[in-house]
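Here's the structure, in structure tokens; my notes come after.
Chains: A, B, C and D, in written order; residue numbering restarts at 1 for each.
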């Protein structure tokens, strides 16, 4: 999940809502069934292979330090005491949270936990790059040295996707306009699709990415081929954020609604204010 | 789960069977519903708060070292690479394996993972000592200094139960006859029940314990009050152990059957041979 | 180490100073030699058995939530990426940091890492309660149920010391005056000393404690018997805090000086402003 | 360290000797001083960034399963209870043990811990591939797909070196003769040196590698350029293995002696018997 808006206590966003990301670590309900995967990955409700949260400084300190903070762990989100304690104290206007289900061959380590971070960017992925094992070398060959060296884990399709995004940025350090970031995101998905085509990969790719530089937030909902349905993605927008106190429940002022976007990649973009 | 018999590769017992303990880390199906617990503990199928395996030396090395070996970790059993690697190499005639669901207030740490070990004994528990928070001091007061100092975690009803068992042994170092161990087990459950009564605890205790000294293996299936059903416990016995190769499946030669034992505590005891 | 004053970035206090607590995780230079301990504990320069940081909210949020935040890990401080990332973002007016050397029998777990926290209190300890294994039951027997249940680890002399302090508070929830806290600290040390005398413990106790409720900070430097020297403790006070940028160096405006205090316990107390 | 010979209890090799690898996790005494590294890496005595042990099955089970077992952890070797417990039970005729000091940019994770394992091979490295960050892409480009996909961590010069070795094997699955393995090791070092020359890397490479397939064991001691001294490497051979009981002390029957081998790579090769 990702939040951008008035500064909020992380616990209000990450821990306490009825369908919080923590609850989705043990009770995710919208996983697409994939019989080729081990049961707990392909059918189950489990995202217990580590987690991560990331957040940007409040505005008054962002000028001095525009990079986000990331806290990751290989233990499940539901029992992590550091997560509970940090989320009850930290306040931020832009928050990412992710719970992970590790695919076979993608090891459980802090380096594989989302969100990934480089310079002022944070990146998360819900889904899978089809045929990653076969196309990994080709994906990596397209990268500039700078983007190549930013790859946090070469065993994760999500981390390599992030490097492709960084590769498509005209300047990896400067603050860029939203349409420049959207273009880099579109180029990222196009590069992956093109390399998959070249290798004859026809399995389904689910590319729900989220990226932010602290100001702009871009989320994609993409599936290829489009004979398959995309992975679910919900969003809501409104003028304020409130959590009804009991039972714990997150209710953005504008009602939440599903965002059904068909390929090629269409982005939802939100800016504070 | 616990195994005693011809030496087996741990993977054949712990990893590969259809209803292996690893599968029960993410797909346990017989949890008794307890609406007072958080959802994933009281209704769910999850035992993801750490795990442990324990085993005794093969007979030829047990004389020199009668103590069991224990390997525990706070990460879930389903993604632990050390567990996979060790289980594919270690061979033992007496094996314990446990996946944990941590109750509120019982922290996730290696010291809280079963099996617990002291001297030649290994101990596991599936269930809960009702009112543990209220009776903890009273339980601990009954212990000899030796048993008190053997408590691995004072925040775990299972570890304190083990210390009560050690306390009721006439000799903590010597090898003891099966009936002596059975008596200590009965005394353990009686002590807990008596202290609960004294404190007016009426909630349900589920005391499925397993203990072994490398020769004798005792398992209990106990519930109190008996208006409630006990937690499930299966056992099988036979002259040999075989796993049908595909699909992975554990089939002891004698068909598995449910062991429905009613309180007060009745033990199933097995000895090699 | 402990800091109270103008809000500072944790990295300026914890990571970057020349003699930072991180450096003391691998290069502590003032350990008192104790030949009865394993070499790396009794002679060495190593505090690599986990660490912890704790901090209070900035004043504007402390009214809503007066409890401190604690982040602990069992891995060494010098290689912990979460620590580096968090310390570079979090700003606080009252900070604790601790690197641990685990004595034999005191396990390495997050529950054993300092600072310990309960209600509005944070607690750290540098030193050892002599004869802890022999007097543990007696120490615990003196506790009220409330303080007993606040003990985070019964295998740590430091955690049990904290519970004794909580036991000696007239009210565990209310904000208390500095002299009330000083009295509770003196009572804590007196209780330990008295129980040690009763058990004939004559080995050296080093009781450098630090406690804070977010407003008052108390540090002790205590040794018993006084034929031995106490563990080192440095403090500095001044009107502002500056770190000379290169080479990284913490220089409080008033020069640091050793605080040589002889037993019985004398406390240094600092209040913001 | 590496051992090949009569089956031994791992504790006798890994835990209890006077200069055991465990002691070298906190008291390594022969590190070459490198002022360009952080103090605890370049001057210190610390190898606390994780560890690993690996061992092969006893001969009677090696035919059914020729692959080695590996146990790794990111916590220091000196306080790891699983290591102590496993080493006191496991018996093997061929053992590797490694304690790690993580260079900047090489993360602390189980995937980065030595020994690395693939098929029947185990691999360890003491030293550094100079200029690894600059030549990583070139090193990886030389690999066959099979060797490329065997790389366990692309952030470790040691893991990439292992992949180069696998790449130079004529057959990655079959059992190979000692001289074939020696040739692959020589080719590995030659490839690294050649790519370093091409990139103008002149800093010192220390390539003390150990590899085994369960039958042959090869260790190298290599430095380039040879104006620098190589990292230390000791070996001993004899007809039996004994540890004098008190004080704990490893004394191979043939006295230990330093193996000073100058570049280009010269290997010490040992075969059981």
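Following the convention adopted for this analysis, a residue touches a chain if its C-beta (ideal position, glycine included) is under 8 Å from a C-beta of that chain, and two chains touch if they have at least 3 such contacts.
Computed from a predicted structure; not experimentally measured.
K.L.:
On C-alpha atoms only, rotate chain C onto chain D and read off the angle in steps of 5 degrees.
P.N.:
With C-alpha atoms aligned, the rotation comes to 180 degrees.
K.L.:
Go through B-D and A-D and name the pair with more C-beta contacts between its chains.
P.N.:
If we tally the C-beta pairs in contact for B-D and A-D, the bigger total goes to B-D.
K.L.:
If you average the CA atoms of chain B and of chain D, how many Å lie between those two points?
P.N.:
Between these chains, centre-to-centre, one finds 38 Å.
K.L.:
State, to the nearest whole Å, the distance from the C-alpha centre of chain A to the C-alpha centre of chain D.
P.N.:
37
K.L.:
Which positions in chain D are in touch with at least two other chains?
P.N.:
Residues 81, 107, 110.
K.L.:
So that we know how the chains sit together, what is the shape of their touch graph: line, ring, star, complete or other?
P.N.:
complete
K.L.:
Sort out for me which residues of chain B touch chain C in the complex.
P.N.:
Listed in rising order, the residues are 107, 109-111, 133, 137, 145, 148-149, 151, 154-155.
K.L.:
Note which residues of chain C are touching chain D in the complex, please.
P.N.:
23, 26-27, 39-40, 44, 46, 48-49, 74-76, 78-79, 81, 102, 107-108
K.L.:
Where on chain D does chain B make contact in their complex?
P.N.:
Touch residues, chain D against chain B: 57, 61, 65, 69-73, 81-82, 85-86, 88-91, 110.
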